[in-house]
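These notes concern the structure reproduced below.
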Amino acid sequence: MKPNLAVNVGGIKMKNPVTTASGTFGFGLEYRPYFDLNRLGAVVVKGTTWEPRQGNKTPRLVETPAGILNAIGLQNPGVDYLVQHYAPYFATLQTKVIVNIAGSTVEEYARVAERLNGVPGIAGLEVNISCPNVKKGGLAFGSRPSTAAQVTRAVKGATDLPVIVKLSPNVTDIEEIAKAVEEAGADGLSLINTLLGMAIDIRRRKPVLGNVMGGLSGPAVKPVAVRAVWQVYRAVKLPIIGMGGISTAADALEFILAGATAVAVGTASFINPRAALDVLEGIELYLKENKITDIKELVGAAQVPGN
Amino acid sequence: MKPNLAVNVGGIKMKNPVTTASGTFGFGLEYRPYFDLNRLGAVVVKGTTWEPRQGNKTPRLVETPAGILNAIGLQNPGVDYLVQHYAPYFATLQTKVIVNIAGSTVEEYARVAERLNGVPGIAGLEVNISCPNVKKGGLAFGSRPSTAAQVTRAVKGATDLPVIVKLSPNVTDIEEIAKAVEEAGADGLSLINTLLGMAIDIRRRKPVLGNVMGGLSGPAVKPVAVRAVWQVYRAVKLPIIGMGGISTAADALEFILAGATAVAVGTASFINPRAALDVLEGIELYLKENKITDIKELVGAAQVPGN
Amino acid sequence: MVVSKVSDAKVAAVFPVAPETYYMELEAPEIARLAVPGQFVHVSCSSAHDPLLRRPLSIHMVSRQQGIVALLFRVVGKGTAILAQKRTGDVVNVMGPLGRGFTLPLPGSRVALAAGGIGAAPLVFLAQELANLKCPITVYLGAKNKKSLLCDGQFVQLGAEVVIATDDGSLGFQGTVPDMMRRHRDWRRTAMTYLCGPKAMMQEISAMLASADVPGEVTLEEKMGCGVGACLSCAVKIAHHGQVRQQRACADGPVFPSWQVVWD
Amino acid sequence: MVVSKVSDAKVAAVFPVAPETYYMELEAPEIARLAVPGQFVHVSCSSAHDPLLRRPLSIHMVSRQQGIVALLFRVVGKGTAILAQKRTGDVVNVMGPLGRGFTLPLPGSRVALAAGGIGAAPLVFLAQELANLKCPITVYLGAKNKKSLLCDGQFVQLGAEVVIATDDGSLGFQGTVPDMMRRHRDWRRTAMTYLCGPKAMMQEISAMLASADVPGEVTLEEKMGCGVGACLSCAVKIAHHGQVRQQRACADGPVFPSWQVVWD
């Protein structure tokens, strides 16, 4: 018997729990030669702002042990371009497309959300209040409960689409932020965005990245991400999209057992362009081997020993 | 010409900037068969509390990509035992011994500090307000500026020894904590302690570590640590002992260029028991090759491009 | 006293001996010279940071004359998989010998060994030394099935009496090693019984030894960081004069008196 | 359209050809069939997470009949060091062909290639195709010294005129490739000049080409994440109709018109 893989993330009905992490999968076009995107539960596309953005100076990427630091800086063609050029393509897909949005002001978030409202082919919004790579906005909003709630409310007020808020791990108390965002009306949470990090070129004695600091992702951050999902799952009722270093089904299952309803594959796609699909197939296999009929049985199923 | 390697970390005069990270080097006895400890600038020994502690349930360690999660839980024989059994040995060393201390209450920190005051063989204290692996104390003190300052003041009031305060990366704003600790009278800072993380055993569907969560260390965390040193160096005047994922001289130099006066080698010793010495020798070589006469020229020398 | 216990050892031989199980010989004369049975080496599988840690592997046999240390390991994850792919002439960095080994009996004493699965690995080195001491040896050797039985030939060659149990009965007694030992009573008259195998097996036999008042030694496995006693990752509970103390499997063990171990 | 562009390729040959420089042949018939000069493959050096990313390497030569793709690479860090240690029969995972290659001229047109150091790698594949198109080729080939000169023999075999510059004068002209080209004026009469080498060299020659009104193409190198255009790590600035736009070196390049590149 084929196990049931369908999940509902705050109103976004996904046929399976596997999606892609924003910024690592372009606009869903680049990986088409590698596998059938329609196999995925959803595709989350690159962070989109009101105006087109040029992003940061290069180098924008540096490899670190089992991870990468990136400082792309939200390069994107702007929301109008997305609506005109990519949304029609999104509408042809048999997978849900979630658009990641960002802004420098609360108003910009709301304006982008409003522009995307009702556009065919878009199933939901992921609100990036945790980008460490832009001067204004981004992480600044995500590091305090009050501002995180403010952005959430503004976006919710501007759209009928399900709103997933993406949290930062660069905080003292992620549960507190998650609760504030829940109260402000979010439909779901994504976590984690990248960890603030840095690398120095010892030959030239200066930071490697054009932007000085960058965001750490990849396998290196997985333990931090699993911990964040575990904590947030116990603090709020919202469904969680878990991400951070997932490269295999085993990794994804750690997140699901910790409390994630869905999972996103990011950096791993760079190494294995089929990574998201491999994760999906591995999850299916695990369910079959363990005679689990519904993926939802696993969500948050990791037990604390002795409790 | 031999470059000058001597540094002064808040009154602890080290003949070179290389030391060991607390908890990864026992009491300085275990690695004696591997190299001459007296070559190091200092040795930082295991976290010590007032009473002996049993630590956490096993498993206490799990490997993660390019890192490890540990949840030792401050197992230690108590400060009296240290004074009686280890301090006489410390006094025979030609390297500085720094004792890492911890407590469940502000008073416990002060009491341990007081007990160590004037004990021959001890050159300074490193105050652990950032241990993620104990229920009470530890991280709780290090995650708020007010409590961090409180512990610092109490310890400073209880000892004449130089006091280095060890900061946690698990905070929204590490600069703020550093400033509070500086104002409270600390003589130096150590950073970073481990990142809060977790791993789940997907076969048994429960957390791998006996203590559920643990602290992430090793090469994986290096970018986060370098970033923390970079930020704190620009926020306070205190000397910094940088650590987190250092396994080579190149790694150590990243920390020094970011602003660390000294560096500590932790997890890397598990893989290469001579790692601390290799780091020292590599730094010497770099200085010679780059015709730098004093290591202090490099502290904080990484420049922001375009500034 | 600075003796380097870390060395780059050349692989002198490596081949599979059973499903997922490899035998490897390393040129490590210092370790061969110093090692005693029950000790282990801490092996670096890769110079990259993934997998990060060394892997503890028991010393399976040594040839002091040839300066060879032999390992016997089962492929269970990343590190052992990488090791299994090494070829003759490759170099593997090893630390050792580490830990405290088995207590040897007086020459000529009757002893028993009980091994489950890959637990046979360190007991071959022990049997070598026991044979040198002219000790009559009985080996209780367990495995899943005939194909995965390890080291029986080596024990026989060393003059030991070998009694075999397999889970599926494809060779010898059908059942577990403790079950077999319950029927075979020779071990009750030994000076020492040495155990290495799955925790459950060692715990069960330790209880049998205690009730028969026979001394035993077990080898404990815990996840290890440093391997030298510095990190306290590998804590095990050992009862001593009525008091339970934490000891480090790597430095205070991995061999401990069977009656002192607090199993949990 | 789901064509898998990822494959496990067997190493058919690998050997050093100059100090720290290796030649490697991979059995990758699909890539050999599809590749055009200037494209690259994205190579997985290790299946562990360290080093994590693939490494982009130009396609140096192909044999479509034998299904072979050849690479020529310099060992500069972890990834290339691991690749250099592969042996015949080992398997290497490669993605490709990736990127947009060189624009080929009309058959019979006179062309020039300018290569510095390892930059010669992709130009050999290009020269193969140009030779097929019966284009007269002049190669301006630079290296640090005689010993580290690459591919001169291959270019000669393909019928090209090869003019050599070395930094130390140990072979040919003493000086840089641009210096040599300033004296040698043939390239001013070409349909296209193709450049691959250090940034400074390409920038200088691009300026020379622009002032002589000769079209050129350069291959840009940026640190790459995905290699397929998805991550925007590899942004380069390209001027187009007076407007500077960001393009992706991996997907929109790595080959760009020399006069459009905004060097900084």
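Order of writing sets the chain letters: A, B, C and D. Residues in each chain are counted from 1.
Convention: a contact is a pair of C-beta atoms (placed from the backbone, for glycine too) under 8 Å apart; a residue touches a chain by one contact, two chains touch by 3 or more.
Fair warning: this is a prediction, and the values are worked out from it, not measured in the lab.
A.B. asks: Kindly list the shared contact partners of chain C and chain D, in label order.
C.D. replies: A chain counts here if it touches both chain C and chain D, which gives A, B.
A.B. asks: If you tally C-beta pairs in contact for every chain pair, which pair wins? Let me know.
C.D. replies: A-B
A.B. asks: Among the chains, which has its CA centre at the largest distance from chain A's?
C.D. replies: Farthest from chain A by mean C-alpha position: C.
A.B. asks: CA centre of chain B versus CA centre of chain D: separation in Å?
C.D. replies: 47
A.B. asks: What's the distance between the Cα centroids of chain A and chain D, rounded to whole Å?
C.D. replies: Each chain's C-alpha centroid was found; their separation is 36 Å.
A.B. asks: Name the residues of chain A that each touch 2 or more other chains.
C.D. replies: 65-67, 218-220
A.B. asks: Residue numbers in chain C touching 2 or more other chains?
C.D. replies: As it turns out, chain C has residues touching two or more other chains at 49-51.
A.B. asks: Sort out for me which residues of chain A touch chain B in the complex.
C.D. replies: 57, 64-67, 69, 143-144, 170-173, 195-200, 202, 205-207, 210, 212-214, 216, 218-224, 226-227, 230, 245, 250, 253-254, 257-258, 286, 298, 301-305
A.B. asks: What part of chain C is in contact with chain D in the complex they form?
C.D. replies: 46, 48-51, 78
A.B. asks: Write out the stretch or stretches of chain B touching chain C in their complex.
C.D. replies: 23-26, 29-36, 46, 54-55, 58-63, 65-68, 70, 72, 75, 218-220, 247, 267, 269-274
A.B. asks: Quick one: which bits of chain C touch chain B in the complex? Just the residue numbers, please.
C.D. replies: Where chain C meets chain B, its residues are 1-6, 44, 49-54, 95, 222-236, 246, 251.
A.B. asks: For the complex, which residues does chain D have touching chain B?
C.D. replies: 49-50
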